[in-house]
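Each of the next two complexes has chain A plus one other chain: chain B in the first, chain C in the second.
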Partner chain A sequence: MKRQRLTPYLLLLPGLFPIVAFMSLVVGMAVSQSIGYFNFAGDDRFSLEFWEGMLSQNQFWRVFWYSARIAILSSLISVMLAYPVALWLRRPFPGSDLISAMIKAPLLVHGLVAAFLFVNFISFQGFLNVALVKLGLIDRPIRMQNDSYAIGVVILQVWKNMPLAFLVITGSVRAIGDDILDAARDLGAGSLARLRRVILPLTLRALQAALILIFIGAAGDWSFQVVAGPTNIQSMAQFMHRVQSDNAAHGWNEAAVVAVMLMALSLFGSLTLAGLMQLIVRRMGR
Partner chain B sequence: MAQASTALSVRSASLRYGTFQALSEISFEASQGQLVTLLGPSGCGKTTLLKAIAGFIPLDGGTVEIKGQDMQDVPPEKRDTAMCFQSYALFPHLTVADNIGFGLRQRRLGAQDIATRVAAVAEQVGLSSQLGKLPGQLSGGQQQRVALARAMAVRPGVMLFDEPLSNLDAKLRDHVRMEIRALQREHGFTAVYVTHDQAEALAMSDLVIVMRAGVIEQMGRPEDIYRFPANRFVADFIGTANIMPLRILDVDRTRGEYKVSSPLGEAVVRSDTPPVSDHIYACWRPEDAQITKPTADAQNRFEVRVTTRTFLGSQCDFSVHPLGDATNRYRIQTHGFAPVSEGETIGVVIAPDAIRFLAEAVR
Partner chain C sequence: MTTLSRSTLFWQRQLLILLALAVFFVALVLPFCMAVLWSLVDPSTPWAYPAVLPPVLSLRRWVEIWTTSALPQAMYNSYTLAACVSILTLLLAMPTAYAFGRMEFPGKAVAQMLTLVPLILPGFVSAIFFSALLIELGLYSRFLGILIGHTVGLLPYAIRLLSVSFSMVRQDLIDAARDLGASRMVVFRTAYLPVLKPGLLAALIIVFILSIEEFAISYIVGAPDFTTVPTILYSYLGYNFIRPNAAAVSLILVVPNVLLMLIAERLLKSADPAVMTGKG
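Now for the complex of A and B:
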């Protein structure tokens, strides 16, 4: 009896062990370093000075909220764009396969490549400016590159992540049977009521999954920020790197604080977003 | 224009799935409060017809009118219909109570009214104790009753039932069927009812429509369909039929009597409608044959040999064949016990008006 209950867990061990081990190693390392252990430049001793130092910096909080904003905008916009398209492609029609293949294409292009293409496209002498000038819409080229609102970064994030959201949402949208939607219509539900009362609740899990995945990816962004991001502010990842290289003595410890905060942002930010989505969908379904 | 009492009228309805003709030229009418049954083999288009009436699938030709109003441009959500789906189509994320109340909330009833009506309908289909569960936590038969309750709760003018009782045991089926009838009497809805159960069809309907491959084969009152099937398909599909080819030998027009030759021997058929051809199919029902003593003398008395005998309690079933001709088998049925054993030769009498010409010539 007892052995029977134990066996499945034992069978899980070979797979679970490395995952748990590496996870806790990374998280453990970061947390330990942030409180003064694994100190490369001095004694290992418990200290909250790095936390206090970092959390009292205005610069840090600017970076933190900047990354949070990018993550929220990117995940929300990606999901909001992907959702209607997934609904539209729910039932196959001539050409729908081609459309959905084209939507997924960005998944095959590396983000860094896309970022460089994008920067080329919008640069001062780039295609877009030249075209706008030639068309007579503007007199002189506009500076769009590395805009200080990070619009370029959000565009890139959405471009890269919309396909992911589309993929996740399509599966759950397709799983809704025609009969269920017909039943809702039959009982008097127009298209908005069907969306509110049937489709959204049934695709909520996929929506949440897409939000979480994109949020975490965008919060930790490095490459889009470096290539196309504003120059007056940094992302968490960028900031972490700078803190580490700027401060020879305690760079690793301070970077570890940023790392832990980034993980916290990813975890709590994405869960909050998913929770809010659930509240909204529930409320709408009423 | 349809008459005022005509609740539902379908005219020349045709529908294609791609190149496949699923419905062709379907026409029928139902008055307020009538129950129309659709019968037919699997894949003949019953569900498709219901969905066309509900408006889920647009017709390629013909019209659907509800209470005299053409439904062409009326979307399903605006039609005064409610369908009980063959696939149940329950909302998996809603409890039984919310499923049943879905249409009522859509109709903006107050929470109190919804709760009352949900409770009442749930009671009628025996689901009162399941209201808090999700569909995934119900048995197949319970899910089916939720689908039925959900449609009935909105009390539409036209109810569309797609095999609503197929998954229930005999006792529950009788109970729910009576509840449907009671509700119908109470609220006077018109119903189109798909079933595979002929007994159900014959017992419940005002009008029976027998379909095959998207076409109406015959339409009429249950007793007429049973007693005067139009062709071999209908005769065979409704109840058990003995079908045999006849050759008309002689006609007595004044009495409407036809002397014919049949695999059973020479016989007399009495018919108000003349046969469509000299060489024609006819049918008779197993219960139309009476077993007589071998010596008795009567019109249409045939000698047959019993090959199998099945005792069913209230009745006896026999398989027989004409003497010297084992290729033609017929079924006969008697009420109560018949002291006849297998291998025995018996006489059977079939009344001249029990043999009916089918509108189908032998080719």
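Now for the complex of A and C:
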């Protein structure tokens, strides 16, 4: 009897234990290196100097807010584009399967490939410039690559993440029963009222899940930033990697501070965004 | 009145479908066509402004990349690694997926949440501090390091996919086989395997693809001498942007994975137990 009760937990071991061990060791490593332990140079001792040093740098805060901005913009735009499309495709019609498949296609394209395709498309010799010149809209090709507003990075993030948002939202939009919508209609709710009071509240969880997933991915982005991002500022992941490899003696410790701050940004930023979304949906439902 | 609004609705829908096709064409088809063209630019005559199309097309770039760059080695690394990762991941995921798919026990929801943690940790944080951990442990084999990193990172996917497969095995078939005196092995073969097989294959393919595509751990742990296909692609995108090479490697990275993914999707669709057992 006792053995039987233990069985499920023993079965969990091979799959769950590696995950829990790996994650706690990796996060533990980052946290302890940020406060002076597991030093590769010098003795281990508790110290907050790396935190003080990093948090007093203007450059760090520029990088932090830059990543936060990219993450907010990318997750909001992706969800805002995916939501109406998911609603449109709620009930199947001729051609709707084809459209779903087309929307999901970017999920199969590697991030670095997407970045390459994009840079190639907008480059000096790229299709966009040639098309604009041939159409007579511009006299000669313009430089669009690595724009300093990071428009390219946001476009890439949306391109790659809108399908993800679409997948997450479609599931919950399709789960809304027709009877609920019919009931709302019978009670005199117009299409806007149905959206505000029935559809949005019922899909809130999916909206939040999509926002959180995309926010975390975009806040920790490295590839899009390195290939297509502005050259005058770095993303958190890029900054962390550079600090780790450039600053010889205490590179690891300083990078660890950036890592902990990136984890904090991912966690609190995404949760704040999800909370705000809940507030907005509630207010609209009134 | 109703017929009029129905026909406007019809035209509205057609217009939206056309718009979707146009967006798809500009956002995906065109960029890929450009990549194919760039990979076919002949090295002797560069494709430069204002030429709309490359002046000379040839396969010489492909031959050159294959014979002079580290690409064959990177492909060998990527594919052996992915094969090991997918088998190891599946072996580790099976028992856990069985527990999630077929058992009820206290703490199940928490355990399921915990398996998803690797998905929310920023990739470069886990890559960089995993490499710190490897230094601390004195583990210097790059292959082994990446193998461990990929396996742990991809376990959540395998556990999730296989849990669904296990939960679709029908209890009445298991009971029937047992009542007829079947041994454990025979029960597994007749009741479990037919339902599990598509899910297993799909999980194997998906983990394989995700391992090939993984960049952060391969790049950080593998640097500088262990290359995989994505790290090679990155080297062509960095400071020395070599466009034709990047185009060719992009295609090598995307095309096989898309084909494999289509197979995986078909397998998952076929995994409906009603189809397999002939019962609704």
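Quick notes on this structure:
In this section, the second predicted complex is superposed on the first by the 269 of 286 C-alpha atoms of A that agree within 3 Å, B and C clash if a C-alpha of one lies under 4 Å from a C-alpha of the other, contacts with A are read in each partner's own complex, and residues count from 1 in each chain.
Throughout what follows, a residue touches a chain if its C-beta (ideal position, glycine included) is under 8 Å from a C-beta of that chain, and two chains touch if they have at least 3 such contacts.
The shown structure was predicted, so the numbers you read here are calculated from the model rather than taken from an experiment.
After superposition on chain A, the partners chain B and chain C are seen to fit next to each other with no clash.
By the document's definition of touching, of the two partners only chain B reaches A:180; chain C does not. Once the two structures are overlaid, the count of chain A residues touched is higher for C than for its counterpart among chain B and chain C. Of the two partner chains placed by the overlay, only chain C lies in contact with A:118; chain B stays clear of it.
Once chain A of one complex is fitted onto chain A of the other, the partner contacts of A:136 are absent, as it touches neither chain B nor chain C.
Of the two partner chains, chain B is the only one that A:189 touches; chain C does not reach it.
Once you line the two complexes up on chain A, you'll see the smallest CA to CA distance from chain B to chain C is 6 Å. Comparing the two interfaces of chain A, the one with chain B and the one with chain C have no residue in common.
Residue ranges of chain A in contact with chain B, taken from their complex: 177, 179-180, 182-190, 193, 197-198, 201-202. Those residues of chain B whose C-beta lies close enough to touch chain A in the complex are 51, 54-56, 75-77, 79, 81-83, 85, 87, 89-93, 102-103, 106-107, 150-151, 154. Chain C contributes residues 13, 16-17, 20-21, 24, 27-28, 30-32, 34-35, 38, 47-50, 52, 91-99, 103, 105, 108, 111, 114-115, 117-118, 120-126, 128-130, 132-133, 135-136, 148, 151-152, 155-156, 159, 213, 215-216, 220, 230, 233-234, 237-238, 241, 243, 246-247, 250, 253-254, 257-258, 261 to its touches with chain A in the complex.
Chain A contributes residues 5, 7-16, 18-20, 22-23, 25-27, 29-30, 33, 38, 40, 88, 93, 95, 99, 102-103, 105-106, 108-113, 115-121, 124-127, 129-130, 133-134, 141, 159, 216, 219-220, 222-223, 226-227, 236-237, 240-241, 244, 252, 255-256, 259, 262-263, 266 to its touches with chain C in the complex.
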